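Below: one structure, written as structure tokens.
The letters A, B and C name the chains in turn, as written, and every chain counts its residues from 1.
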Amino acid sequence: MKRIFPILAIVTAALLSYGLYAAMVIAPRELTMGDVQRIFYYHVPSAWTAFLLFFLNFVASIQYLVRPKPFADRLAKWVAVFIGVACCIGAFVFPLPEGVEPGSVATTGIAITAIYFVIRKFFSEQGTDALAVTTAEVGVVFCTVVLVTGPLWARPVWGIWWTWDVRLTSTLVLWLIYVSYLMLRRFSSSGQTPVLAAALAVFGLLDVPLVYFSIWIFRTQHPQPVIGGGGSIDPIMLRVLLINWLAFLCFAFLVCWSRYRLEMMKREVEEAQAMEGLLEPGGVR
Amino acid sequence: MGDPIIVVTNLIKQFGRFAALRGVSASFDAGRLYAVLGDNGAGKTTLLRALAGLTLPTRGTVSVLGNPKLREVCRELGYMAHPSLLYDEMSGMENLRYFAKLYGIEDEARCADAIRAVALDPELSRPVGQYSQGMRQRMSLARALLNDPSILLLDEPFSNVDIRSAREMVALLAKMRNAGKTIFVVTHQALLLDGVADEFVWMEAGVIVARTAHFEPVEAR
Amino acid sequence: MSTVPPGVTRATLIKDLRLEWRSKDAINSMLFFALLVVVVFSFSFDPDAEESRQIAGGLVWVAFLFASVVALNQTWARELRNAVMDAYRVSPAPANSLFLAKAVGNFIFVCILEALMTPLFIIFYKLRALGPAWQLIPVALLGTWALVVNGTFFAAMSLRTRSREIMLPLLLFPISIPAILAMVNATTVILLGGEGPDTSAKFWIVLLGAYDVVFTTGCLLLFETVLNAE
């Protein structure tokens, strides 16, 4: 595994460089907004990466909570399977909102189920918690990028720094929730910190659909400019966007991997110290 | 009498780097009064809390009445600690009436009986916060006795208590032991239990180092 | 197997109300705080009647939010003193009964606060509801429960942290944002009145209801874990 890291790092650096080039040069100049629009190629992939990371945190937190309890564990597994199946069937049976393809809904459903079982298989109990910390931290970083690039984009285009549009506001709330999550982890002194943090993460992600929905209703009553555009997108722009997203994903993966290894090493050290305290009386408190 | 009522197997409790219990294995018989002794930090309180189900072991098991799930046998346990576990603003009887509800006990007479058993007056309307330390410890013991538990876990019941109250409590404990209850007393004042306790359990640095029938001060061992 | 004792929630609630009535600790400080908040807001935002109607929804709920935090921080204070929590945990009483009793107790306190602050706001801001005023009642009840149920839960979580008092709002505010949005908008819509389906408060009331159901369930499922965290 260790040998892959430098190779992956080089690949990521290459992708990021190419992505930058693509965003600045290859992508066509946007008609109404001009070159400022190119922030889009950083704003959107950061958002998708952040959401993915937070979703991973949610899955890791749920697993951490249910693993010690056999009944809850089985229930969670069935729910994960159900989501996958329901998305696959529902995508082709039910009418979907405008612009949403059945294929992407089905893929998302399968991805959710797959992620659940992959995490369950490859991460131990400690590992699940370390994964939760990692994804929360890296997710907050990417989320910060979204919240900074958003206003940077909005200001030249619409003359305002901030707008309460659905996506930006939901992202802000998500950011707030996860910063509070990180603060809880930092300020908590008990041995049950992972459990408390996992509970908070579950609450946080239950909250997000409600946030999105509430701001969506709010927006229909008070229309706001939409950052990020909507509707169809030029094929070349789409390609550049996806390249950048791939680059960001690789980068996120590298950072998460390093952070995860660091966290696991820290835990190993703590366990070794605890072992020491166990074997010799008068261990340091 | 003589069946193990509590069995502890390789009990380990760690708080980060500090190991409060470093592998305690023991079995305790029913109907006996155990005095748990040792220096500060020896793990006595942690052991008692583990027996009460208030602390989850890091490793190892605690089995009470043959059941490792302590939540299921909690009706048979009575717990008392150095804080009074009582509401300062309510009188003794009001406190006990509330805690009785937690055990599903509707009969108020049992509360009055428990208070009388510790030589206090059920009619006393003074809030517990205004009691002397001795009275407060005794009321706390009454609360622990409320559900008529078969196992009593008492952590430092005599600390800061005047000698007369302490002796009365010891006599009460002996009476309950003779009636068949199993009692664990963690204390620094082992002399009070000399001649009363069935066994002295000595702890040091998170393990049990000795179990003696008589109180022998450290230097003599 | 120990059977669950009945009436624990009720007994705990009555005990809490009685204790609060006797000491009047929390109620006094909360009342005074509530009055201060209303007065400070009135100095800071001194608009005429029409403008005040636009922002009153937000002002009132922000004031209630801060007053609730003061109340919520007190939730477990008595249980921590003298380690009464240990006595509860050792007994067969279920953790959820304790949670419900505390949440309902907090709900009652905060409702009392709201009942006292509202007339003051009406007076200072010369408020008058142009829409159906009765709708304010479900908004107030559902909104208050939304704040209180999560607040009681996070207050228990904060017990295991340093800087306990600041941890509670840090955890509570982000999660409560959809509920706050719903409360404020519903109140504003009702105060402003107006015709048309767009300006109905019903969406918001339904959203509040959904929020309450989701988070009450979450709290009940997770409270025992939080209570027994050391």
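Throughout what follows, a contact is a pair of C-beta atoms (placed from the backbone, for glycine too) under 8 Å apart; a residue touches a chain by one contact, two chains touch by 3 or more.
Note that this is a predicted model, so its numbers are computed, not measured.
Arrangement of the chains shown, judged by which pairs touch: all-to-all, with no pair of chains left without contact.
Chain centroids computed from C-alpha atoms place C closest to the centre of all protein C-alpha atoms shown.
With centres taken as mean Cα positions, subunit B sits 50 Å from subunit A.
Rounded to whole angstrom, the centroid-to-centroid distance between subunit A and subunit C, based on C-alpha atoms, equals 31 Å. Subunit B and subunit C have centres, each the mean of its CA atoms, that are 39 Å apart. Multi-chain contact residues of subunit C, defined as those touching 2 or more other chains: 228, 230.
For subunit A, the set of residues that touch two or more other chains comprises 191.
Residues of subunit C that touch subunit B in their complex: 1-3, 5-8, 11-12, 15, 18-19, 22-23, 78, 81-84, 86-93, 228, 230.
Interface residues of subunit A, counted against subunit B in their complex, comprise 191, 270, 273-274, 276-279, 281-285.
Residues 12, 14-19, 22-23, 204-206 of subunit B are the ones that touch subunit A when the two sit in their complex. On the side of subunit B, the complex with subunit C involves touching residues 52-56, 71-75, 77, 79, 81, 83-90, 98-99, 101-104, 143, 147. Within the complex formed with subunit C, the residues of subunit A that make contact are 65, 173, 176-177, 179-180, 183-184, 187-193, 195-196, 199-200, 202-204, 206-207, 210-211, 213-215, 217-218, 220-221.
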